[in-house]
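After this come two complexes, each holding chain A, first together with chain B and then together with chain C.
Let's look at the complex of A and B:
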């Protein structure tokens, strides 16, 4: 009798736990076991993996350049789960991808899973079309692979995932939706970094040191501590020419610091100034004294040529003019690192400083730590603020749609786990220039093939930049040493890693009855700074215009 | 008297010269406005990345300095991964789809337009003008409004199935909603109405059917207008963008216009390779130019008769 009761109770426990994971066609083996993962002991329910054929459609925007690796990852996944077929389709650009999904939601024709920005998924969540991944993330189900044709035959696959291994800033962005649920997981992430003209910086070492800024003999500034805006202004006093023309002889620039994205500049500076911007509820909070002060400060910096936007050169990005010596520093995406490196392919007549050395730094901050009382001075006015370290995180995430069947959801989730595994996030990062989404990537000993003849771990990849900095840029690596090819990418990967602690995200929300969606607000934020920069509006007018554009 | 005449003639000649100069200046300005984008497309297609981003921009490049890499790289193959050996930019697949769509849409539109225009111009039936008025009124509704309803229709017909869409489904989804045109019907009806009724009555007396009369008399007489419709419609189908992007589920079903949109953009940074994009755009425009120059006389005749501009 006791045995029968125990069996019934065991069965009830199994069915209760299985019910949480929404399994449609599974066969369960009534077995409960304990396993040790990480620091604690968790109970795992071992089940047979569904073996019915499953077709998964995955929509993204990657062209042939990036989809080569993606296709390879898909093949590897299909070898692991032979009953699964993944059809990956590029929808050419993010707008088309979003519009097709939005249109498809109205007729119940959506892919199983898709790539998308947080504001895309905010819309899908609002329409009830996105699937919460929480059950999968927290699942204690473990599948035994019993298909002998599988590449992982005989192994066990956990459905759940250890979130503590993901970069916290990315997770915060991905669980910002209703009830703190994860409707997406981070996938192709990047951040911003600052490229600096080290050759010219080096020629001003004495003046820079006199200003109290630490700089190495070869012109390297700190890679672990960001420059403050006050220090940026000090560098401006040292490196800016008296007119908006670069003086090559005096090694003085027309402009000091370019921001590629005025939208990012507005949003990130708002975070750094602790100026309210928006929140997840879709409230527009820009009408506040701190934002007004920030805009006045930025306006003053534009006028003093300390800050500049690429529009001054009729460009979308400032990297060319950085190479041409029009500006000393430029803030742009980590994914675009090589655009900032002058080479022999550039027209020599345009390269005012020739082919110079480039270093990469963290984006400038109001202070070197958060919650400091800071006073910024634009030469006329003082601005009091409380500091907050902030760097933007950008790039799409990946999610699953509610319309999919239980098995499709399960395998779509396992595919997300596959794409974001330590090994594959490293492969993706090195191949594409995006950043790894897992912390374990930085200590991973998985060898990744960089070219047909070169393989290295992500740790070795990161070490290249560290070694270069440690040698103060004076390296005796042979010209055939492959590390030379990865110096810049490695430096940027290190900078990005150092910034992960203070990644902040832009709350995503769909357009509502009173205000625009977060994507539109971001665009208008950029326009606000553009208007100030081109002097068509004062900071007050630009802010009022911004407010009117996004609220009604 | 002769002095006055000479003076008037001089004044007339001066006015004529001034008028001609102004007219030609105006036409030159319009021609430049139209030609500059074409020139810029061609110029950008033979520049390398550095030349494209050069400030101030290069307005002319000697043929010896042309970079044809943008054209040759369009036909590069994928170097690694499962798609190794396949074209990096499936130009010929996109072109094939575009040609197929243009032909089907044009044939379909021509048939429906000719039949509808004939019915509204020649046949007498109750409520003809009211029906025609209602159809004309739909021209006031922007095309974008129809996207959702057309999408619902295509979906209900089973032509938009994300997992199982066939090439035929995609072709039908892309073409069927655009096989009618209110504007072309109106345009052709006006031409048909100019054909004297006597011809119709004479044909009827000879025992000709309406369909035979349409084929043997109306169509040949209105041929310049029909050719114009065919050309304008094929050009529209050639450059269709939003609808084909919405109703195709596989990359291999797309049109060249959709392929051009995202194929040359670095998805990590958002930067576009304008050189390759313009080289591809040039190749896409080439067939249209060939069609235009081949059928230049018919197009011009049709346009000049109706006063309609493409």
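Let's look at the complex of A and C:
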């Protein structure tokens, strides 16, 4: 008798759970059993996977290089779920992607799923077009794969996901939408790092040590403790030429530190200075004394050639001019690491310092720890502030659109799980230079096949950079040792990992009745520094202009 | 009693559960039962119907439609576009579905219906280029001006000439698929389209907007042309987007952002060309056909644009680019492209590389599309001995092979010290090339005019005016062969 009552109770639980969550249903869906898995009380509802044909359209922006692996991941997913066809389409760039989705929303034609930045999805959420992934994330449904043509035939697939395995900073960014809903999951994440000309740094060892900055015999600065802006200024005194021309003989540069993205520079330095910028409610907070001080300091650093923007060379990025010896250091995306390495592919006449050694550091900070009382001096003025460690976290997330059918949503979600599985986030990270979104990537012993004859785990990949640094750059690895191919990528991956603790994200919000959306605010933040840099506006004028552009 | 109570609870709960689930997606029910019912609709045979007809027919039956494309085959004529292919969800004509339900329909890609590039003034007259915009102006100096074509590269890059200056131009706002170092679907078609339009143009005008040059030193421009002296100028960048040879890549702030976005949207909705249609000239296989280097070289034109798997020993390198040779004595050059640097490519390594695409570069056959993911190293430290040849042996089949030429007299060294002109004992003249990427030059090697030298290296070929589309009729000129000097130890100064 107890068994009968237990059965009834079990069925009640099953039905309650299934009925409360919008699930993909088909005429073939059956409830077969229920079970309790793991430690605790997690109940898994085992169901047959829908086997109706499902077409998923996926919009991204990847070119041939990255889409080769993406195509492979799609093939593997389709082998797991033979009833699913994924059509992936590159929309060239994020601007086009967002514009086309906005156009699509207005005419009711959107893809099943797409990549996008948080501010893109903030707009889609506001338009009611994005689909909350919370039901999927928290689902306790487990599907049994009964299609014998599937590559995972006979296995079980959980719909839900353990969020505790994702990098917390990425989750926070994806969880910022209304009601704490996840409309996206982290996918191709990157941060900023600083490339430095180690060969020239090494030639100034005595002066750098005299300034109290720790540097190894081979010119390596600390990879765990960031440089402060005060130290950056000290390096400027040592490594800057007296005119805006690089002096190769004296090993002195025209400029010291390039920032690829003036938008990121404004936003991240605001965080480092604890200067209010925006908040998730869409309020624009830039009109404050700390921001004004920060802009005055940046203006002074521009004028002293300590800071520079790529516009000085009519470029969008500073990597070429870093290679050409016009600037000693450059802050840019971790995904662009190889663009900073001079090689024989570069015109030798342009390489003022030839093919030099490159090291990678964390981005500079106001202090080496948060909540320190700091005084920055620009040579004339003292600026008092309280420090806050901050590094930009950037890169797109991935989400699903509301217009998709239940089955499309289900398989789009399973595809997101596939892309972000521990193994695949490692494959993606090593192949593309983006960063793993899962913490387990750093400890996983799964070997990723990089070519028919080369495989490695992410741990061993990370160890390459650590070994290189531990040997002070003097390695006796054979010239054909494949680890040599991954030295730079590994160094940057380690730098990124060291910055993980102080990732901060830019609150995403759509345009409101009185102010612009976060995407526009970011663009205008960059323009603000551009105006100061090209001397077309004073810091006060640039800030006023910025304010007028984003509030009304 | 308890059993009955339990059963009652179960039944009640099941009813509640079913009612509670009514907000889940309803699925289309199908049946081949021939009995009629007001609530059921018989799917008609729509073979050959266009979307317009399909929509009209099915909506007339009270159905809603969800369209999908079938791009699983190559389409050879315009008549094949915009045609019904099949119903989705395993439905076929004659099946009955619920009235009001959603039906999936697959069609072929749609016809392109450009509306902007060939009538730009009608959309926005302020965007249209007119003669007064460029008269008495020069592109390099003024940002706008008339040019002529110097050399075609691919769909979005062309070398132009303005006065005495020759320069490379990357087209603004677009990004056609690659067709040189990398080889992508629709890349060759886009390149050919651009070339056809410019070849037949009466006037070509370049117009700058924003940054003048990209990171590779190429000028950035909007490319206008007019087919006749009296016709309106056509914006080629827009035309390529509208005809689905390129996706839109316009920058924020451009005056063409709106029109390019709309053109891109319209083209993408057709699923034509770069939007998903199969390129009949592209090899979609993941690995390619395995063959010897000799077979490849002797049948090169057959495999241009396709994918091959090649095994050989690396004889020499220029930067990351390699010369491969197998036991047949035939050799071939492989261009590694950017960001594919690997220590596994070393002189003496015997390697197998898949998914390489044979193509021509200035007359020289080469393999492109290299990715480290397709590289296997079979062995290392192999030695390949160069064949001693003479000028008279220069031929297409020798390009890429590792050879030695003896007793050459240096007659000229260029100012950059990268090109050494030599003559043999019969006064045949050709070039010994020292590429920048070798980090060598004539001075470093101690070469002087009048020296007599013996040089080993891969045999190359370079003809600036080579036109790959006319390769079948192209005659290789011995004076354009080059000996690639890549190692200091490969040259011996005899006297």
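As a working rule, the second predicted complex is superposed on the first by the 525 of 552 C-alpha atoms of A that agree within 3 Å, B and C clash if a C-alpha of one lies under 4 Å from a C-alpha of the other, contacts with A are read in each partner's own complex, and residues count from 1 in each chain.
The working rule: a contact is a pair of C-beta atoms (placed from the backbone, for glycine too) under 8 Å apart; a residue touches a chain by one contact, two chains touch by 3 or more.
Being a predicted model, the structure only gives us computed values, none of them experimental.
**Student:** Clash or fit: chain B and chain C on chain A?
**Tutor:** Taken together on chain A, chain C would clash with chain B, as the superposition shows.
**Student:** Taking the superposition on A as described, I'd like to know which of chain B and chain C A:62 touches: first, second, both or neither.
**Tutor:** first
**Student:** Answer with first, second, both or neither: which of chain B and chain C does A:485 touch in the superposed model?
**Tutor:** Once the two structures are laid over each other on A, A:485 reaches chain C alone.
**Student:** After the superposition on A, what does A:52 contact: first (chain B), second (chain C), both or neither?
**Tutor:** Second partner only.
**Student:** Looking at the overlay, what does A:158 touch: chain B (first), chain C (second), both, or neither?
**Tutor:** neither
**Student:** For A:188 in the superposed arrangement: first (chain B), second (chain C), both or neither?
**Tutor:** first
**Student:** Answer with first, second, both or neither: which of chain B and chain C does A:110 touch in the superposed model?
**Tutor:** First partner only.
**Student:** Identify the partner contact of A:335: answer first if only chain B is touched, second if only chain C is, both if each is, neither if none is.
**Tutor:** A:335: touches chain B, not chain C.
**Student:** Between chain B (first) and chain C (second), which does A:147 come into contact with in this model arrangement: first, second, both, or neither?
**Tutor:** neither
**Student:** Counting only touches as set out at the top, which of chain B and chain C does A:406 meet: first, second, both, neither?
**Tutor:** The second partner, chain C, only.
**Student:** Enumerate the residues of chain A that count as touching chain B in its complex and touching chain C in the other.
**Tutor:** 55, 63-65, 68-69, 87, 89-93, 96, 99-100, 103, 109, 314-317, 320, 345, 347
**Student:** Please name which positions on chain B make contact with chain A in the complex.
**Tutor:** Interface residues on chain B, with respect to chain A: 50, 53-55, 78-84, 86, 88-89, 147-148, 151-152, 155, 160-163, 245-246, 249-251, 254, 258-259, 261-271.
**Student:** Please give the residue numbers of chain C that touch chain A in the complex, ascending.
**Tutor:** Those in contact with chain A are residues 2-3, 6, 9-10, 13-14, 16-17, 20-21, 23-25, 27, 29, 68, 88-90, 104, 175, 177-178, 182, 184, 211-213, 215, 247-252, 261, 264-265, 268-269, 275-276, 319-320, 338-339, 341-344, 346, 349, 371-377, 380, 436-439.
**Student:** Touching chain C in the complex: which residues of chain A?
**Tutor:** Per the stated touch rule, the residues are 1, 4-5, 8, 11-12, 15, 18-19, 22-27, 52-53, 55, 63-65, 68-69, 87, 89-93, 95-96, 99-100, 103, 109, 314-317, 319-320, 338, 343-345, 347-348, 405-407, 431, 450-454, 479-482, 484-485, 523.
**Student:** Flag every residue of chain A that touches chain B in the complex, lowest number first.
**Tutor:** Answer in residue numbers: 55, 57, 61-69, 71-72, 74-75, 87, 89-93, 96, 99-100, 103-104, 106-107, 109-111, 188, 190, 313-317, 320-321, 333, 335-336, 339, 345-347, 350, 432-434.
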